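Next up, some structures in structure tokens.
One chain, chain A, links the two complexes that follow: it is found with chain B in the first and with chain C in the second.
For the complex of A and B:
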């Protein structure tokens, strides 16, 4: 059982717990509907990054592995470069126009997770190393 | 003295670049934007012109934007090494 940082943050802890599912649903909504409505991968990723950051604001835990998150982010970047190279520059998008929407959703998901991981790594790096 | 020289040089260089760029007005032909606005749905299957542009017409821009983010993260991990409880 992880205790909050101090008793002053119990209100923040409760409100963050209440808001957690809404943050997840809203971030995924912005990402998954990015091709039809305003929003997209970058915006939804910024919303999803609040998950780990908000958790750190309440519980100052250090069980988040920056190294592993960075590995996942690099793997996502490789996929993020390979998929458009095959689909757009290989002109598959003209040959199979029925895959266009699936491509847009997949790319928005990739960008969203990558941006969320990137922002999380940036904030945690500050928190772990420059916390003077 | 050296710093003043550097400052003067940078200011002069900035003024020169601004002077060169001042006379130039790069205008895109109007057909491109009109084509994108009229044809993005059948070209890319998107319901949103912004998504159509940044995921299909201007894919290079998105790829290098993702590269910028990971470059900044790598730079932070390289330079911020003070402290560290991890």
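For the complex of A and C:
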């Protein structure tokens, strides 16, 4: 049903394949170092979202389950609300100040995955299901 | 100095993006604009914002615009009737079985992700064929209804199937023309 952009996409396919590991490593780097260097959950998540979008650019298949991505994203949202509530209002942050950095990294990771999934859902929905 | 050059380039790129006639090029210029803007953020000492700008504005937004451009195609349907001046619009568009045909073609276009655009005109058929700006021409003379479709357009086959299946009672004929405007008649 969905035809590729042009018949010859092998250049895009090869370049995307070469860039894939670098995108993953760079995205994770931006997320994991977000608390003391530029970047953070949102930016790293946007970089990670390029993974699925690049795949869409190469293959134009719709075997990506948007429904499942929705579920995971909602679960992440619940965790994202629960963790700060437990950590800050449960006064864990005062009792164990050495956990602060781990807490920041964990929150950045959660935000990163949520943003990556959210942007992927937006783009895929737009590319496949958007009706007038 | 660097700052002045960057700012001037930004203004220049913005003007080019607005003034370009081809939409695809405007999108590309907008992408370059965002990239320069993110460099300017970096120059002003906001690397966080710069990363967000580079990823979102020059990556994802450009991609979204290009996808939108690819999906948005206009399918122009011309409805011509040489006795148009004696008949008013409501007779054609509303109520009648022919109005239903037009609506159905419209629905078909939407299901194929094309933007239907229907033009009603009293102009002569040969003039319309020569203009070549229409993807489909429907001509009405009295009870006879003739559909002219370009042979190279592959939507025409499906449209023909649709019309044959749904409108057997209508006095309807399907004609294809090729690039030299020779008509290929088919009995249907």
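Simple rule for what comes next: the second predicted complex is superposed on the first by the 123 of 132 C-alpha atoms of A that agree within 3 Å, B and C clash if a C-alpha of one lies under 4 Å from a C-alpha of the other, contacts with A are read in each partner's own complex, and residues count from 1 in each chain.
The rule we apply is simple: contacts are C-beta pairs under 8 Å (C-beta built on N, C-alpha and C of every residue); 3 or more make two chains touch, one makes a residue touch a chain.
Bear in mind that the values here come from a model prediction, so they are computed numbers and not experimental data.
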Partner chain in contact with A:93 - chain B first, chain C second, else both or neither: first
Touched partner set for A:40, first chain B, second chain C, both or neither: both
Touching partner for A:70 - first (chain B), second (chain C), both, neither: first
First (chain B), second (chain C), both or neither touched by A:115: first
Which superposed partner A:53 touches (first chain B, second chain C, both, neither): second
Touched chain A residues, chain B compared with chain C: B
First, second, both or neither for A:126, with chain B first and chain C second: both
Contacts of A:30 with chain B and chain C, given as first, second, both or neither: second
Contact residues of chain A, present in both the chain B and the chain C interface: 38, 40, 42, 126, 130, 132
For the chain C and chain A complex, residues of the former touching the latter: 47-48, 50-52, 55-56, 59-60, 63-64, 67-68, 70-71, 110, 115
Touching residues on chain A, where the partner in the complex is chain B: 34-38, 40, 42, 62, 66, 70, 73-74, 77, 80-81, 84, 88-89, 93, 97, 100-101, 103-104, 107-108, 111, 114-115, 118, 121-122, 125-126, 128-132
Residue ranges of chain A in contact with chain C within the complex: 5, 30, 38-40, 42-43, 46-47, 49-50, 53, 57, 119, 123, 126-127, 130, 132
For the chain B and chain A complex, residues of the former touching the latter: 44-48, 50-52, 54-56, 59, 62-63, 65-67, 69-70, 72-73, 76-77, 80-86
